[in-house]
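Could you have a look at this structure, given as structure tokens, before my questions?
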């Protein structure tokens, strides 16, 4: 049972990835990121069945941070910048989606090449992780608004977190918390920088941020 | 000097003393007059100690010491052998005399800010040149080599507020750094073949032929850049023209010789070098000689002319080294002795007459403030003593009999003529090298007749030249010493015999058995005799003329009865050398800015010819410009938006994963 | 007990500095914390290797080397920062000083950590603390530089984290852990394809933090806009932490028998970095950006040295020391020149030797040092790299290395000499900034160290480097 | 005993005979032109007249003006001592004296040209420029000839080298080489002594002169020295060339000396004939003539290798 539930949630994550690339409304992006954060929070409990005290703590911390605190910060930055829509991306919405889908297929093929430990054999974790990383990467490279790039970075971190699930019992608690803390402080500093960009350039469009060149 | 103190130790102490000669000058800045005498005194003391060390070496024989100094890698080893001793003589002499000359030429009063610094770098440069010649370990050699290069850079850039000085010091710096990198590669290969960093080993076999060729190529390029042989001479004219005159004297008199020292050592690496090594050096020498002197002929700036003539002289030295290497390849001991002795004697001679000529140029610059030959004239009458020194230097540099230039070229000719009779292979190069050397000699005569005729004779072409006057005693004293050296070595060339024989023995210890010694190969006695006979006959004819006591009434130059001749009607340097520059135009590519005269009454017109440096202006700079434009296009990588930067990271991961499967 | 103290002292000082209200006294916290840290470092270096926090923190030979460099460089920069901040009163240093101290703590953590995950957390923390440092000048350019630094740096570090997980998972089923000792023990049995992908990801990840090409794009902007003292710390300190991480990963790869694979990649990235730096340095109009490219070049040299293996590793470690201190000299003297002319472009900045003689001369000597001129330290290590390249019969690598060094010299020389020589152009703005004791002495001291490293390396230091090199070569 | 006699004869001839050569040349040219021409001893009369006259010295000159002719004569005289006359050895002979011979000519050229420039006149500058330019090409041909002779004779000193043809070099290629070298040396002789076709000694248009224009301002004894020096130089080069044209030794010293004098005078007649038959070359063509002489020697050099 647990296998099919985990795979189900991973499929949800894959669908969310496609959604990220489809929408250009930033508010919806933040909602989706929050949802993905919650899903990631639930996954560790599902994979390991028995509730060990540190797995539970990590699950709660992930849900709290990725589900509400970080999206809250991003929303506040969005409200301050008074922008609604992402401007026309570098290569258009549909091509990015196609690239995202192609990326997912590639990640599945790539995952085949990597042998897995017997108990993880059926899981979709590696493809999901790589696909999420690629989605985050696409958001970073094709979108222009600074806040969308921050969200792209967040999705990238989620992808890596998914892969981290395989090593949950080996990874010491301190490091997991350290990773989460770093993510939180990262987004906190990014939001401060977004505030300063908005104050200085009166817009979050990173095409203005290209005057340092050779 | 008891034999207990090894000559190397004396040399190192002397080097240390000279190195510190500039320091007191810098410390007591408040008393500008005090710095110079202490610097010159310390320099002189160091040189004297150095010469004493050479005398001790002459008696004591080769010596080597390893200082207990823990370099990060390699060891600080110094050694003194015949070859190093010979190269030390010019370093010590020219440095001491140049410092004496610089005392009043570049005194603390006229140049309060740059004089102390110049003396500091002067001392450091001399000391590091001594260390270069003494070093017996690759790391110590490279350290001394770069210290010398940097000190020379700071000396050249003394007046760095002028853009021309900055440009030429920059070209020098790039050239010298290229040389250092070549040497880096060469010593690394040597360490790979030989296993240790010990210097100037006699390699049984140079590893694979390919590696020994690479060692030779890198060594010749690295040391050739410093010696200033033809294609690698690009930095030399600019550096010599823009440095203070006594610095140019040190540069061309001695710095080029460290490059030659390196060439000689590299050629001595293999016991039986391939024949083409010698051939390449002979060819480089001939080309440097010919094109060097023709470019000198075409120059309109006195110090650039002398700089190009240094290229020519280094070319002649390279021909000597090439001949010696050919001799080693063929196992002909007499060619080795004659070639190397000819080259080394020319090194000694050149380090006497070239600094003399540069100090003459210094006097002229000091008195008239200009280096342009065409605006000088009549200096023979306004600066009689400088003119005498110039004539001595000019006769010596053209290799004309009574003076020392002749002895050096005589050895080279003897060697080349013997080489023409080597039947299997040697005849081609030698056969062509002799006429090349002859032409170089004749062109040198043309070049220095031009300078003596245009710059010194005739009437002054500008007011500066008219008001010139001879400098004070302290500037003339070193010139007397150098001129004396030229005359002495000219009349008694056998004085340098012991020094030369020890150097040849150090270079090629297992010389072919039965090789006659240098004294037997070359009739030094006859050269001295003919020199004295020449002077006697001149004196005889002069007394005959004086006995006749013809009353000589003075009048203006008849000049075919031309009514009012003006100084501007005299021949000018570019017109003097026009025939020869025309003859060599395929190499010189001279530029001519001549006005087109239109209309019945043509307006004021200006005619000028300019000879660019063939290699620098027509090959190196355009090439670098093209590379610059190519790099500019490549810099589009950093165009600014952050997505492109993140894309690079993604691409890097994917490509590496694909390629490095 | 020493290691936690090494990390705690800066953190406590950061807390106190944040609390301290007076702008004048806060910089002195820097100097005192640096002094304390230096003392503790020497105590830790001379003492036995102490393990604490359950074996996660331990100072092995490479760690000691990096810690020593960090501590010395921070002490130099701290003294300089006191003088610098006294001049820059118009901007509050309430954020600047604490961030610097946290930066020191985190880099010390990197040097001591024996756990790949903990090391990652520490490096990520350094990225976040340096962002406000780069933003110190509050100009639009510095915002752009900070944004690029943060984004590219974070993406790079995220890839490194993914690589760490791949590496942990490579031992397939055995109780996977990220402690170096465990990883080394299990290295022989690791799965090859997991290991290859892990190494590539770690190389690109930490390569981004080191500034290897093509991941170097953030460096010219960040170092160009940050104040000189931050540039010195980043170029001399942070890059070496990332290099330490790469060294440990390379060690694991070698233990797993994949040394050849890893070396080929390192040599490729090394030469690529030197080449890209050379191309970008020619015709560079801004002397701070030029120093950033010089840092890219020297990171390439470090990686090239390690890639060549054998005595190349000793050369790389020695070069890490030489490069760190020389970069300190260059960045700090460049900062003085920048303040004296209030401009970074070589069109306005000329004749530095006349306006700020001490900084001008040190900038010129630093240039000679960094381009490998003999009397100074970097020459020895670069010569060893060339010797190793030829000893390993890799003539093409050695030859192209020498050619690229020449191009770098030409590119850098043109900029430096224009800045240093000649007379100040008439249009140049006259500022009141001149060489002071606090802003001049530290550069002089570090120049002395560079000269010392070139002429005579003290034996304890040499044995430390030798130990680090042998440790990295021996597979358990 | 005969050695010192030959030495005395050598020196005597070197001192006395040269002016006669120019007399013979002028006589031949006059005979060609169908006029009586100046007496054979005309140059001796000129020299005596000049040595008795006073001289006018320009104010712009220095000691170099006087040194030019003095050093010119003594250098050429010394060069004469090196060249063997006829089958007899030269008074001074040592390995490598051919280099000294050439460089003595160079020394003479250096000072005569400097003396010319010393007067500061435009014409003399022109003459000096042409003199040193063409001399550099002539010297290449001279040395190339020496290299051929060294290859053939195997000796490094002038005396044994020039006596090799007398020793009867076998026919075939070496003889051809000697012929080429002889022609080249003849051209060099014409160039060094300002004879037609390189330079016209009797022209009055300064723009076309080379040697004559260099001595415009010399007068009195100095001019005498110049003329005497030119004559000695012609005599020495003729003696050098004679070894290739007339490599004959009769064994009896008196007859040999007579044969030598006759040979030299015959050469003077040949020069006179050439001057009467040819016109002066355009100045821009002179370098190609001298280069042709050098190429001839190069061909000779390649012949010696067979």
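Things to note:
Every chain is named by a letter (A, B, C and D) in the order it is written, and numbering of its residues begins at 1.
Keep in mind that, in the parts below, contacts are C-beta pairs under 8 Å (C-beta built on N, C-alpha and C of every residue); 3 or more make two chains touch, one makes a residue touch a chain.
None of these values were measured; they are calculated from a predicted model.
Shared contact partners of subunit B and subunit D: not a single chain qualifies.
Top contact pair of chains, counted by C-beta pairs, is B-D. Chain centres were defined as the mean of their Cα atoms; on that basis the chain farthest from subunit C turns out to be D. With centres taken as mean Cα positions, subunit D sits 78 Å from subunit C.
The mean-CA centres of subunit A and subunit B are about 70 angstrom from one another, to the nearest whole unit.
Averaged C-alpha coordinates put the centre of subunit B at 43 Å from the centre of subunit C.
Put simply, the C-alpha centre of subunit A and that of subunit D have 100 angstrom between them.
The set of subunit B residues touching two or more other chains comprises 635, 637-638, 642, 646.
Counting partner chains per residue, subunit A shows two or more touched chains at residues 137, 140, 149, 206, 209-212, 214. Of all residues in subunit C, those touching 2 or more other chains are 147-148, 151, 155, 197, 220, 280, listed in ascending order. Chain pairs that touch one another: A-B, A-C, B-C, B-D. Chain contact summary for the complex, subunit B toward subunit D: residues 377-378, 380-381, 384, 387, 391, 394-395, 398-402, 406, 409-410, 413-414, 417-418, 420-421, 427, 431, 434-435, 437-439, 441-443, 445-446, 448-450, 452-454, 457-459, 522-523, 526-527, 530, 533-534, 537-538, 540-542, 545, 548, 550-560, 565, 567, 569-571, 575-580, 583.
Subunit C meets subunit A in the complex at residues 115, 117-118, 120-121, 124-125, 128, 131-132, 135, 140-141, 143-148, 150-151, 154-155, 158, 161-162, 165-166, 168-169, 172-173, 175-178, 191, 193-194, 197, 220-221, 224-225, 280. Within the complex, the subunit D residues that touch subunit B are 51, 53-62, 64, 66, 70-71, 73-75, 77-78, 92, 94-97, 99-100, 102-104, 106-107, 109-110, 113-114, 116-126, 128-130, 132-137, 139-140, 142-144, 146-147, 150-151, 154, 156, 206, 216-217, 220-222, 225, 287, 294, 301, 305. Those residues of subunit A whose C-beta lies close enough to touch subunit C in the complex are 113-115, 117-118, 129, 133, 137, 140, 146, 149, 153, 156-157, 159-160, 163-164, 166-167, 170-172, 174-175, 178-179, 181-182, 185-186, 189-190, 193, 196-197, 200-201, 206, 209-212, 214. Residue ranges on subunit B touching subunit A, taken from their complex, read 635-643, 646-647, 650.
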